[in-house]
């Protein structure tokens, strides 16, 4: 069982590929023949998901869609302490989730050809983000 | 590997913090230095997520948002056997998910400062809800 | 720790119960008294979720709802290379997730009475879909 902390530098609001960074933080993964890796984000206004790793316009369309489906400035929001991006960030984080789980096969993440891990930054100024990466297997 | 069942008493429809209850059901977590804890809900009309643990208005805004984005009484719903909250409850449960996975570090859930575990009760009268809590590590 | 690959035959667009197929692909689960099973899909335009296993109209309402909440032909989509179902498929996959995790108890998936595993096929012609099933326990 391996566990590492990884602090991601601040990213602008949007969806960002972090597969390479996650793998570099975890060189011991090569010692696991069969296993699982969890990537967990310790925040409630950013999230993680797995999606298309090739065309950057997919990530732009994600940002457009989630802004449309979780609008800012809904007059029914009560929790607005930190500005118009505050409550939408919490809702987007819940829709997308706080962790991804990827099987490990032969010392590598068994992602499909087109799969990558996204950091989903839902705040305008979210700051650095802390991940906990845990892997286990044999 | 530890596994516990936990029955949550009936909650009213909405989003409820259950972190303390989950941790009390699992005293053996202190014996795990590095590990993972899964909390799983055995229902299809309630769900689990991780979000802000401090301000109760966040949970009120969650209820407002999910009622708006998954409306009751859509005339296109076919499955209405158990009333107008039936089909929306299934959809909300799928959007939010049936389990949360939290890393364990030094005998404690490695949640971020502002993270808590929510029971998301999507039915008007959902009754008690059964969880299965599983933790493993070393 | 057990790991199996499972290729699902092509399904039409929509939501499909695959619990039996997953369990048949994993006879070794009987040897695990206490554990966890992960089912992971290696694609970004299909997803997995857990929901109601009895009434097929629930799955029809899922298809209706997700088509409404993630519409095709939004003029704001940039990524349209593979047709109108392309970008909505990526978004639906992110909303529903790329894996499900089910606790194992006494050699069986500890699903609730009404829970089943869904393949969520978001493409019109998605082709066969590859799963990686990993289980561990004692």
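Descriptive notes on the structure:
In order of appearance the chains are A, B and C, and numbering begins at 1 in each one.
The rule we apply is simple: contacts are C-beta pairs under 8 Å (C-beta built on N, C-alpha and C of every residue); 3 or more make two chains touch, one makes a residue touch a chain.
Quick caveat, the model's predicted, so the values are computed rather than measured.
Subunit B and subunit C touch with mostly distinct residues; of the residue numbers seen at this interface, under half occur in both copies. The rotation that brings the Cα trace of subunit A onto that of subunit C spans 120°, given to the nearest 5. Separation between the centroids of subunit B and subunit C, computed from CA atoms only, is 20 Å.
For subunit A, residues that reach two or more other chains under the stated contact definition are 69, 95, 97, 101, 136. Interface of subunit A with subunit B (complex): residues 1-3, 38, 40-44, 69-70, 74, 76-79, 81, 87, 90-91, 93-95, 97-99, 101, 130, 132, 134, 136.
Against subunit A, in their complex, subunit B makes its touches with residues 34-36, 49-52, 55, 57-58, 60-62, 64-65, 68-69, 95-97, 100-103, 105, 110-115, 136-138.
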